[in-house]
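For reference, chains read A, B, C and D in written order, and residue numbers begin at 1 within each chain.
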Amino acid sequence: MLEIDSVGDVLVAHLHGEIDLKVSDALREALDRALERLPVRHLVFDFGDVSFIDSTGLGVVLGRYKKVAGAGGRLGVTGLRPPVRRVLELSGILRISQEFSSWTEAVAVLGGGGADA
Amino acid sequence: MLEIDSVGDVLVAHLHGEIDLKVSDALREALDRALERLPVRHLVFDFGDVSFIDSTGLGVVLGRYKKVAGAGGRLGVTGLRPPVRRVLELSGILRISQEFSSWTEAVAVLGGGGADA
Amino acid sequence: MLNRFRLEFPSRPDNVGLARVTVAAFAAQIDPTLEELDDIKGAVSEAVANAIVHGYDNSPDGVVTVEGVLYGDAIEVFVEDSGKGMEDVGQAMEPEFSTDPERLGLGFSFMQTFMDSVSVDSVPGRGTRVVMRKQFARRH
Amino acid sequence: MLNRFRLEFPSRPDNVGLARVTVAAFAAQIDPTLEELDDIKGAVSEAVANAIVHGYDNSPDGVVTVEGVLYGDAIEVFVEDSGKGMEDVGQAMEPEFSTDPERLGLGFSFMQTFMDSVSVDSVPGRGTRVVMRKQFARRH
């Protein structure tokens, strides 16, 4: 369901499989725990291994973003397969996030602070 | 569901997908038509692209073999994934057939008549 | 009518995926595009999650029923619960309306985007029935 | 009891695959091995094909019901038809016994090989119910 990388002030959440009601509680808790424990500012979701996500799953994504946004954190997304891209668009998440071609690129750009300046 | 190759006196039936009641009638008819039309003696089933076969499907295989066996024809099988191998064993088909590592090998051996001598 | 099915299961989160897989395997019988299949899976996921989360307030003791009917070029999907129902279906279906602050309020919007029509019958205290229909592109 | 489902569909050949997919998705919830999953799919395929071919004599107008119950380490699958039933279940379950010359008579043998137990209730003129149980290897 989830692996976490933390590089500098960027937390990267690699999601796996189908993200729906079955995994949403565990996912929310795991992400909140990581956000509390790690000194991160920005949040990147790597959907490369996600075949399906519904509005329950998107709620977890958006809720975690709101937590970091308060402290000036930004949201990156990467690895969007067509059905995932579709609902990220529909939910407006694509508008408030920056899309990258890989999570390492996301880390380089967000973590570098370059686009912040 | 089915593609047919006929090489010399060997008919090769390449099966595809899940072979159950849904496709069994159409498969039986297509194979019977080919056996009538083509001057073949031996029969090879290539299961390389078969993920599932049940006793309904095996009935079609065995029934066609019985047709050619009367005229001295032999049965070859190839491309057996674990679940397919399992039911070929259980049904006894593996005992009355010869297994080959590829359908072209089956054609070479059965068609060459070598093992017949 | 070409084919139909009826699937019943308890209101457990695991079964959202079960409903998705069953409806997708059923819809696949008339050879939809991948995108049509994704749409149907998305709509079913939203409706079943709603039955569990809202209809039964996350209790696993309710029963959710999913039905599918296949026509030559269309599918109808019904998702039903005997849960708490809604007072105001019109309001519930407004984009971003949710009674749960942790949720997006986009379930019904997604269903409407994914399917050609969505209608909802709900009786407070009795339950909710969502009826969705999707026409397939003709390719045959 | 961990989870359960009930699936009903008309006795059409397309639905053998639907039953297989649904039972497999359901069984997957307790993380079986690939071989266990193949066994369950095989057993369901045999029982559902029998309901259609024998129970309803290939008429698409009957209803087949498949139920699954998941325990911590076992699955029970029920396959039921309201078709013609059998006079002699003992004879029907003998290997290679078939009332149809085009068939192998191995359906029940396969079910017994794939599952840990198979029992059959049948009433001539009323229908047949097959109950199968499989224990999963403990890996947790």
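Quick notes on this one:
Note that in this section a contact is a pair of C-beta atoms (placed from the backbone, for glycine too) under 8 Å apart; a residue touches a chain by one contact, two chains touch by 3 or more.
If you're wondering where the values come from, they're calculated on a predicted model, not measured in any experiment.
Shared contact partners of subunit A and subunit C are absent. Here the spacing of subunit A and subunit B, counted between their Cα centres, is 51 Å.
With centres set at the average Cα position, the gap from subunit B to subunit C is 43 Å. Between subunit C and subunit D, the centres computed from C-alpha atoms are 28 Å apart. Contacts with at least two other chains are made by no residue of subunit A. Residue positions of subunit D with contacts to 2 or more other chains are 14, 17.
Contact between chains, per the stated criterion, is found for A-C, B-D, C-D. Listed in rising order, the residues of subunit D touching subunit B in the complex are 13-14, 16-17, 20, 34-35, 38, 41-42, 45-46, 49, 52-53, 102-104, 106-107, 109-110, 113.
Residue ranges of subunit B in contact with subunit D, taken from their complex: 18, 20-22, 24-25, 52, 54-56, 58-59, 62-63, 82-83, 86-87, 90-91. Of all residues in subunit C, only 3-10, 12, 14-15, 17-18, 21-22, 25-26, 29 touch subunit D in the complex they form.
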